[in-house]
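Structures follow.
Both complexes shown next keep chain A, but they swap its partner, so chain B is in the first and chain C is in the second.
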Partner chain A sequence: MKDFGYAAPKNVGEAISLLTELGGHGKVIAGGQSMLVIMKQNMLAPEFLVDIKGISELDYIKYDKKKGLNIGALTTHRTIERSPVIKETYPVLSEMEDNLAVVQTRNWGTIGGNLCHGDPAGDPTVVFIVLNARLKIRGTAGEREIDIEDFYKDYLEVDLNPGELLVEIQVPPPPPHTGSAHNKLMVMKGDMGIVGAAATITVNPADGTCTGARIALSNVASTPWRSRAAENVLIGKVITGELLAEAGRAASAELEPPADVHGSSAYRKEMAELFVRRTAETALKRAQAQG
Partner chain B sequence: MGKEHTEEYSIIGKPIPRVEARLKVTGQAKYAADIEVANMLWGYVKRSPHAHARILNIDTSKAEKLPGVKAIITGKDFNGFTWGWSQPTRDEEPLATKKVRYLYEGVAAVAAIDEDIAQEACDLIEVEYEPLPGVFTPFEAMKEGAPLVHENRPGNITVEYHWNFGDVEKAFAESYLVREDTFQTPRMAKGYIEPPATVAYWPESDRLVFQGAKGSPYFPYRILSRCFKLPLSNVRIITPFIGCDFGGTKNDMTNGDFSTVMLAKKAGRPVKIVASQFDTLTTDLRRHPMWITMKVGVAKDGKITAIHNKIVSDGGAYTRMSPLTHFLTGICMGMPYHLPNFKHDVTCYFTNNPSSAAMRGHGIYHTTFARECLLDMIADELGIDRVEIRHRNIIKNPEPGTIYETINNVHIATAGTEECLTKVAEAVKWEEGKKKERIKGNKAYGMGFATGTYLSGTQLSAHNACAAIVRVCEDGSVNYLTGATDVGMGSDTVGCAIVAEVLGIDLKDVDIKRVDTAFTPADPGSYGSRVTVLAGEAAINAAEDAKKQLREFAAKKLGAMEEEIVFKNKQVFVQSNHARSVPWERLVRMACYDAPGRVIIGRGHSKRATDLHTLADFSTGKGDIGTNYSFTAQAAEVEVDLETGVVRCTDNSVIAHDCGFPLNTQAVETQVIGGSYHQGVSAALYEEFKMDKGLTLNANFVDYKRPRAYEAPMTEVLHVITNDPFGPFGAKEASEGSTCSAPPAIINAIHDATGVWIKDLPAQPEKVYWALKEKREKEQKKEKKK
Partner chain C sequence: MNDELKELRFSVNGKPYELKVKPKALLLDVLRKELKLTGTRTGCEVSACGACTVNLDGMAVRACSILALQANGREVVTIEGVADGDKLHPIQEAMVAHGAIECGFCTSGMVMSARALLLENPKPTREDIRRAVQGNMCADSGYVKYIEAVEIAAKKMQGGE
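For the complex of A and B:
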């Protein structure tokens, strides 16, 4: 690893002014769980690290019945996983965290770091996409909010300008009769999914039709992938086993997934079909269980 | 039989906690990378970016000018020195001078005041290469006109053996069924998490001290003596605690090892090199990938009539231990099943991949995999139960005092395979289990069986001497000196336990000294499952020798015959009258302080390795490679996700192990569970280095998968006790044999569950998925035709 400068600002304001001062030469580090891996492989050699891990004002989980959930960017995976309010109101987030890496990584890695790393294989993003989340970003020019779907530009590339920090993730309250699920293809528990999928389904309890569906996939493209094709198969219909299979096929048909040591493109394509079917089915059951 | 036996002993035969456990868990144990020496420099190796290239020029001038750099070396500093596993195979240089033969081979090295500067200096060294076309599989290497890895080795052949016993062709012609198939075993990492590290210094200009993570420290002892033209008396290899080995790199030398010594000489200061995980995983020795075509003939009742192996193997860039590996692929084929006719053709090729070498289950692993899968295929074709077909072929445990001789003159005094197999089949309730429905929802469940064998107390033709020294201190405590090295398998504990048992004292009274070649007796090293059997025998003999000296004295003091004196529970007494006794400590003190005082030093060496039967002959494939042989049977259950191809081993697994007599039951169990079952599960399902033209694509433990402690399935270990007459207290090796039986048991289980054969390891999800899909599509086509 190459030598680098280092500072640990105490609050968001200090961090932003330091980053602005450093221009393009500064690099944010939070838990370092993604960054240190690529720094050790000499794929990234920052001149100056701005360590934000100690900024406690960004470490929080707030919940309001009407406004929904607000998570500070520096909240660790482990805190989210174990949060009683999340288990109660957004159980899909705890479900996702339980399969994310190992406890050691979850203890130190932050949710903001995960999203900003821009890895299309990451789990939280697809879950936040199907939960319709927005991101709050702060820079010298002030704050802006964007839809999480628009945050991802390319492989490991996100919509952050130099000097900007992700500060918060906002999740709206789910509509009634809505269920969400996340699942991924793991060889071992905690693996980055060879393919992952998240789904949110809303049903009309009166006639059983699907009134809303959001489906997203990880590790099938250079960015997290929202499959509107699969959603469209389901919306407006009473979901049957055959329809779920069709949604899977629709999602898979539009993909040209990457290949790596864990799976070929063809295998990922088939697994995308399967995991869309599996997660949508679980989400549907959860929506229906809400009576 | 075993039980009565155990009661005779005070220490051995029971669960014995590791002697070094407390030091390890409290962080007091020092590993090579922990060693710091005053005035120490850090070294770094400059590596080649080409897998095959001629070195035209190396310019170190820019690096020399970097402040903080204290010494720079290239291969030329070694004056043409080459080394290898044996005299005729010395084909490797400490650092390449004319040509690099694998990616990241070392070409130069720097010592500097810190590691970053050393690394930066390496970046400043300019090397001019002429890239050459390479060969990256044995099939490319064997082609006519293929580029040669070593110009003086035509056909790129590293080593080949062709053995023939009985009349294989005739036997096949007369067989009821002959089946042939090709199986594939991949490159695997040894997977130690301790980084290979060395510190070297020259206290005087003609005296070398080398402290390194070496499982066989007498290899560097001899190699460095030759390399630096030093008498062996001046080469001091000191072994710290070793964090795992599993064969290979810690037996052998690396570019970094030679570099530390040469840099230390040049800089006149101690030098330390710690290999990074990336360096380790891209350049270290790995398990040989092999393509094993095995042909098995059987009679109608499933009895094996003949086996013919044709094996192609990738040895990588240098010969290293390949002559032994490939010898081992065939030498134990006559076990654990009776084999009347046998032919073995194996060829290993040089390629421009990192070198292959020994790994746990060395050699035998590959052919065991092929044979055990083929036996299941044959059983199914003949309609014989898969456990039953094994029973019909198993070599029965020889009557005490008799010896079973295989067709290639391997001698077996004890073989518990039959009992092992019976026990595992009962433990998993196979008779009921085999009738059970295999498919539940989108999951399928299956059970697989395999047996295994392994040599213990390996006998090779050179450097077999192995000895121990037992020094009794005047307060009754004891120093045990051995040249053997514990690389994590628990041999330090077993050695101490043996010494304590023989002297009738407590385990805590015995202190083991780790290897320091200035003081400990020479020893071949930790390989070939030899330490417990041979170093154990040496420990018995050394302790007996010390006891003899004390017994003479005790006989005089107690007024009894020498042969009447007993040492037990720290008391020394007369057999016929236990009241005539003296406590151990008092006896020792009296003996030492007597006029003239005695210095009690017991010496002993192992004789078994060279005494027995016939020494193995590599060219004909005959003779004893082991002092004795362990046997295993294993049952493993898998759960297959039929939609994804993900296979999981369940906890429904049993391994029965005949290690003769378990000297430390706890060590045998943990070795079999962690050291062979988990490694076997890992080999069956997960582990493979993926390569692209000499580049290792998954050189990290995120992409190179192995199960972690908290998610690994568990197995049950059953001891089968056969009390081998050639092992210390009846012991044979533990757990290398069971490393070989796990992959076929698991692959057989996948077949039992789903009907598909995964003949190339590992059974990663995608491979299983396509095999399942292909089978489904075939069945659908058949349906349609109907």
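For the complex of A and C:
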């Protein structure tokens, strides 16, 4: 690993001023769980690290029935996994964390670091996409909010300017009769998904039609992938087994996934079909179970 | 300015330390090379094996994947700090008595993962134990006895036999 300068500012304001002063020469480190691996390989060699891990003002989970969920960027995976309010109100996030890495990584890695790393194989992003989340970003010019879908530009590239920090993830309250699910293909529990899928389905309890659907996939493209094609198959219809299969096929048809040691492109396409079908089915059952 | 040494104040196994370290120094390097606490193992060094597991403010973390400076102001416990003088910790005792240890390379990491678990959850289920040591690879595949040993230790610590 190359040497670098280091400072650990005490609050968000100081961190932003320091990053702004450093221009493109500074780089944020949170838990370092993603960064250190690539720094050890010299694939990333920052000149100066601004360590934000200790900034406690960004470590929080707030929930309000009307406003929804706000998660500070420096909240660890482990805190999210264990949060009673998240288990109760957004169980899909607990389900996702349960399959994310191992406890040692979850204890130190932050949710903001995961999102900002921009890995298309990451799990939280696809779940936040189907939960319709927004990101709050702060820089010297003030704050801006964006849809999480628009945050991803390319492989490991996100919409952050030098001097900007992701500060919060905002998740709206789900509409009534809504269910969400996440699942991924793993060799061992906790592996990065070879393919992952998340789905949110809303049904009209009066006639059983699907009034809303959001479906997203991980590790099938250079960015997290939202499949509107699959969503459109489901919306407005009473969802049957055949329709779920069709949604899987629609999602798979539009993909040209990467190939690596874990799976060929064709295999990923097949798995994408399967995981969209299964995940949407689980989400549907959860929506229906709400009576 | 890039290799300027920075002050690190932290506690290791209950003792306060004040060191000057390079920003790029990993917690694992400082423990093993500066403090000569070599019970914490260097395995894969890329966050894949768990051999380097230590407890940081009571949590299991991988010392190969944390900057030493991130331990500033915090408490680290390594395998050297687990026993009470000559008296082994119940987790260590159970691992020895139950024959859980094969070559021993992964043992310190296993103990540290188990210790963090029992601090947080003194009455774990078997599944809780499996989950807690999931990130600790054993090249001899001696997982079952490790898990049983932690079960035995937890019961003993609860006052049972």
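As a working rule, the second predicted complex is superposed on the first by the 291 of 291 C-alpha atoms of A that agree within 3 Å, B and C clash if a C-alpha of one lies under 4 Å from a C-alpha of the other, contacts with A are read in each partner's own complex, and residues count from 1 in each chain.
The criterion applied here is as follows: a contact is a pair of C-beta atoms (placed from the backbone, for glycine too) under 8 Å apart; a residue touches a chain by one contact, two chains touch by 3 or more.
Predicted model, so just to flag it, every value in this text is computed and none were measured.
Trainee: Check whether A:45 is in contact with chain B, with chain C, with both or with neither, and answer first, second, both or neither.
Mentor: Neither partner.
Trainee: Once the shared chain is lined up, is A:36 touching chain B (first), chain C (second), both, or neither of them?
Mentor: Second partner only.
Trainee: Going by the contact rule set out at the top, does A:274 touch chain B (first), chain C (second), both, or neither?
Mentor: After superposing on A, A:274 lies in contact with chain B but is clear of chain C.
Trainee: Quick one: classify A:259 as touching chain B (first), chain C (second), both or neither.
Mentor: The answer is neither, since A:259 touches no partner chain.
Trainee: Looking at chain A, does chain C or chain B touch more of its residues?
Mentor: C
Trainee: In the overlaid three-chain picture, which partner chain does A:146 touch, first (chain B) or second (chain C), both, or neither?
Mentor: Once the two structures are laid over each other on A, A:146 reaches no partner at all.
Trainee: For A:189, select first, second, both or neither according to whether it touches chain B, chain C, the two together, or no partner.
Mentor: So A:189 meets both chain B and chain C here.
Trainee: Based on the superposed arrangement, let me know which partner A:102 touches: chain B (first), chain C (second), both, or neither?
Mentor: both
Trainee: Let me check the overlay on chain A: which residues of chain A are in contact with chain B and also with chain C?
Mentor: 2-3, 37, 40, 102, 189
Trainee: Mind listing the chain B positions that touch chain A in their complex?
Mentor: Within the complex, chain B touches chain A at residues 116, 278, 643-644, 646, 685-686, 690, 697-698, 700, 702-703, 705, 707-708, 711, 764-766, 769-770.
Trainee: Which of the residues in chain C end up touching chain A in this complex?
Mentor: Interface residues on chain C, with respect to chain A: 1-4, 6, 22-24, 26, 45-47, 50, 53, 56, 59-62, 65-67, 69-70, 72-73, 113, 116, 131-132, 134-135.
Trainee: Which stretch or stretches of chain A touch chain C in the complex?
Mentor: 1-6, 8, 29, 31-33, 36-37, 40, 47-49, 51, 53-54, 78, 101-105, 107-108, 189-190
Trainee: Given the complex with chain B, which residues does chain A contribute to the contact?
Mentor: Touching chain B: residues 2-3, 37, 40-41, 102, 185-189, 191-192, 194, 261-264, 267, 270-271, 274 of chain A.
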